[in-house]
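Note that the chains are named A, B and C in the order they appear, and that numbering of residues resets to 1 at the start of each chain.
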Amino acid sequence: MDIFIAIVQILDSTIRLSVPLLLACLAGLYSERAGVFDIGLEGKMLVGAFAGAAAASVFHSAFLGLGMAILISVAFALIHGFASITHRGNQIVSGVAINFIAAGSTIMLGQHWFQQGGRTPALAPGERFEAITWPGVDAVRGVPIIGPIYSELISGHSILVYIAFLMVPFTWWVLFRTRFGLRLRAVGENPAAVDTAGISVAWLRYRALICTGILTGVAGAYLSMVQNGGFVKDMTAGKGYIALAALIFAKWKPVNAMFACLLFGFLDALSIRLQGTPLPLIGKVPVQFMQALPYVLTVILLAGFIGKAIPPRAGGVPYVKER
Amino acid sequence: MSTPYAKLPAWADYGLIPVINLFVAFVVAGFVVLLVGENPFRAAVILVEGAFGRGTGIAFTLFYATTFIFSGLSVAVAAHCGLFNIGGEGQGYIAGLGIGVVCLAFDSVLPWWLTFPLAIIASAAMGALWALIPAYLQARRGSHIVITTIMFNFIAASVMVYALVGFLKPAISMAPQTRTFLDGAQLPKLNWVIELFGAKIRSAPLNISFLLALVMAYLVWLLIWRTKLGYEMRTYGHSPKAARYAGISETRIVIVAMMISGALAGMMALNPTMGDQHNVALDFVSGAGFVGIAVALMGRLHPVGIVLAAILFGMLYQGGAELAFEMPAISRDMIVIIQGLVILFAGALEHMFRPYIQALFASISPKTVGIEAVKGKGA
Amino acid sequence: MAQAAIELIGINKSFGAVRANRDINLEIVRGTIHGIVGENGAGKSTLMSILYGFYQADSGEIRVGGQPASIKTPNDAIALGIGMVHQHFMLVDNFSVLENVILGAESDALLKKSIAKARSELERLEREYGLEVDPDAIIEELPVGLQQRVEILKALYRGAEILILDEPTGVLTPAEADHLFRILKQLKEQGKTVVLITHKLREIMAITDTVSVMRQGTMVATRETKKTTVEELAELMVGRRVLLRVEKGEAEAGGVKLAVKNLTVKDTRGVTMVDDVSFDLRAGEIVGIAGVAGNGQSELLEAISGIRHAVSGSVMLDGKPIDLTGKADPGELRDRGLAHVPEDRHHVGLVLAFEENENSILGYHDDPRYLKGPLLDIDAIRNDAKDKITKYDIRPADCRLKTANFSGGNQQKIVLAREMEQDPGVLIVGQPTRGVDVGAIEFIHKRLIAMRDQGKAVLVVSVELDEIRSLSDRILVMFAGRIVGERGPEASEGELGLLMAGVEQREAAE
């Protein structure tokens, strides 16, 4: 039974750890499916985390915090759009710039406003998103198997966790069942086809980037207002890049993205859990190996050794009307 | 080439446009300074004085510049071959492993001038190795080099933590870093050069690897513009089709260029480890690999420009430290913002002002813009 | 008088210094098939792109159904009932037929209704016009002919009354083309107007009611198809360009330098571009390959010069085979005396960002003459470049100038100087004078003839018929990847034009 409890606990932290990845990964999915590479997920998450925690602590409202996180994150997404769509700049370079500006400005402004070394004040109960306890948790807690699964795994997460997982079918639905999704996928594959169909390529891509900004904003808010009770400098710690890796791993598909993020979250949870504990048969697995595994898997996937990840065909290329 | 823009005179292309882009980046940074309630002009004065006002400041500026010259050259070499090596951070970090092993093995038996060359070779080899795999995967398996080099940055970070905790740190120590190197692996300081000019230096980590950086800048210039290999790299970088026509092997040129780029990135690890801290510690690269992107863009991929841009960023680092000291509202992270802005305006938005400048030039003297000549395309 | 579906009045359009359309006037009668013919670069596609709102005319007026129309975007054109089938299909390859058809014409924010509507609409169109295609098939899995049908369906779904087709048969097999023509005739019977852009005269004669001829950006004539002949159209298309004939003596052909046997080349999509081509090239002669662009000449050149993979056949250079796997080392071929002036000097033959002297060694940068150990011998390279500048009268005479700053003619001279001065045994030249001013043309022609007189074997591919006739000792005509005829230099323009249009071949086959 101890092992069962341990498994439930690992799965529970898997969920918690994969949520920011999942939100960022779906965020990247919108922009990359529209043909705009985005390595600035990291930076947008970071500004989202900062803006969310800062606004929540100033206005004493978690929802205002979330709104601000989304707003600022979208603003950064629009900068990326301005550089890479309007001015046809290099999308990678623009993403790198956004990550830098985000890293520096969050600490600068945080220090200026709150004077806590770049942190925001610890969030009070009403200022962060609390865990939601589902009905009947106490009643079933004692039931074997189902009890712990229901009370630990399913119940007891914040609203943002449920939103993140609901975003998976929602994104799938948007992408494959709506006009916007059809056009978005088309513009990432063949912008000329979209242009000749009388649809503005630039405006479509901007809208995709706004979706990206909204989701990275939520991802950031989750980090600073759920996982942690406030903003800490560099709190994204490379999650934006793991999300990017997960996106490739998921071959740019929403449901795959969920599984990829759960896998990467699981590896993370496992490495925390296993620190120093030897595994049967394998022996002691270095924690760094577990940490590097998502990246190694992505490289192997990219090299075409396990399936082939085919990115959207127009990805990374600014659209220029051909002569 | 595919650039849709008409030619400007070289001085405008290599001088005026970067300066305008830089200026705009600083104007925006000035607004950030205003936002935190400080006077941007005073901040600028403090920044420059802090960097160049006193001998110690100059020495620190050049110390920071040293690392950036290496990382800027690394980005530039790859860029001349049409490749975006965003993995300098990881290549530099992993090179610390080579340096650590060499220094720990030889610092007690060899003098510094024998350890140094060994460490150079080790760092370059490790950096090159770390670039080799992404290069191979790009050339032969078509994986995107930007993504693989990013992944390799993270893998390098894990490997280094593992190495530092696992076998590089002394068994009794808790800190994830090697023991302090003995004299046999400490690089001599160069502060006396600045003192020759009459300045006083208290203590600054400027060391001989600065000279190595200058030598590498020269060698990179030689490589790119004076060797057959550099010629082939530039050909491939400008037009893979022309390279194919000229009989240049794509696989070979991509791999060689990336390995040279990786070697240069690896060598940037020499300065902070053997030159300053005298150990290999966790996260000692601290973003210098990414700064190389800004430096290379600013320096227009030319070694001379890169050395100047590296000194500019060195100035930002040193002057930024002074600024943080003088103006409490401004932390050292201001530099990070400025870096980001420079990358944004000098890189992603590099063409934003170009049409206006061209229109300006065309209105002054149409001939210099060369519109007449470029039309050769159609006709 | 039948009503005009479209009137174009005084249309002008320039791209930089290039005037793609000058003062175009055109009237297209409702319910007819109107052909527009002209050589590549005559301005046909530009004109139609203006009509479709993809480009804006610099000046001029468009009237649709007698009403002045402002067409600023493809949307405007679609709203006016104009549909276009582009030469390069505007399809999303990994979408289904249905998704492609509704893209941009969805009825509401959700797809369900649009898809249901499109499905029944496609069934109707299939019944009415015989345009059958599986609505759920994925585009990239369909053959090219069906992909094109999807493009037509896209236009019809949007309610197009006027359908423009840009070079529709370029990618089709003859059988597919015939099927397309049947569909177009059916569309016409239903009262639609069809504009057919092509350079193939056979198609014009086969299905159009009216034909307009464009040449060098101008509209030179409009004829009723019944009252004109292929010969007249060919002449109108090619025009009577004044070309200074370069004096040349009789060729003294020697031994075979280059032997091409049963060469077949396919492009990346698997379409056969060069189809079982065989010919010999002898020392001391110039062989010209004539043909309308896109009939396999480019691929033939690339295969011979070792850049492109050939599916089958062989090429012997001085009796020894050339590696045709597409992995040949062009450097090795240069050593064996094969020099190649590629068609695309901007992306292949030159690196425009390089200084002139750097381009003058492209491909020969391995030559010890230009090297000092691992270093380039800059002095030797620049002196060598200066010599060539003098010898070939390249202007401005500045070997340090960026290549992009030279005019087209001088850029071409840089390439020619580089390749000719290596003293190759075989020189193959693609489009020797494309984008080159008249003065340079004469110079280049003289040089090529001088090469021949020195006993070199020269292969020239050009879409300029005059150039081919003026230079060649033997003329091979390529059509649809095959060599459809060999003629002497005395062959008339009309005769060659018919061959180029594939007319004789068809007649012979039928």
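Operating definition for what follows: a residue touches a chain if its C-beta (ideal position, glycine included) is under 8 Å from a C-beta of that chain, and two chains touch if they have at least 3 such contacts.
Predicted model only: the values in this text are computed from it and were never measured.
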Maximum inter-chain contact count - chain pair: A-B
Chain whose mean Cα position lies farthest from chain B: C
Rounded Å distance between chain A and chain C, as computed from the means of their C-alpha atoms: 48
Chain B-chain C separation of Cα centroids, rounded to whole Å: 45
CA centroid of chain A to CA centroid of chain B, Å: 30
Residues of chain C touching at least two other chains: 15
Contacts with 2+ other chains: residues of chain A: none
Complex contact set, residues of chain B against chain C: 1, 7, 222, 226-229, 231-232, 234-235, 238-239, 241-242, 244-247, 370, 373-379
Residue numbers on chain A that touch chain C, as the complex places them: 176-183, 185-186, 189-190, 192-199, 313, 321, 323
Complex interface listing, chain C residues touching chain B: 15-18, 305, 307, 329-332, 334, 340, 342, 344, 346-354, 358, 361-363, 365-366, 371, 374-376, 378, 402, 404-411, 435, 437
Chain B to chain A touching residues, read off their complex: 4, 32, 35-37, 84, 86, 133, 137, 141-144, 146-148, 150-152, 154-155, 158-159, 161-162, 166, 290, 293, 297, 329-331, 333-341, 343-344, 347-352
Interfacial residue positions of chain A with respect to chain B in the complex: 39, 79, 82-84, 87-94, 96-105, 107-109, 111-112, 118, 238, 241-242, 244-245, 248, 286, 288-289, 291-292, 295-296, 298-299, 302-304, 311, 320
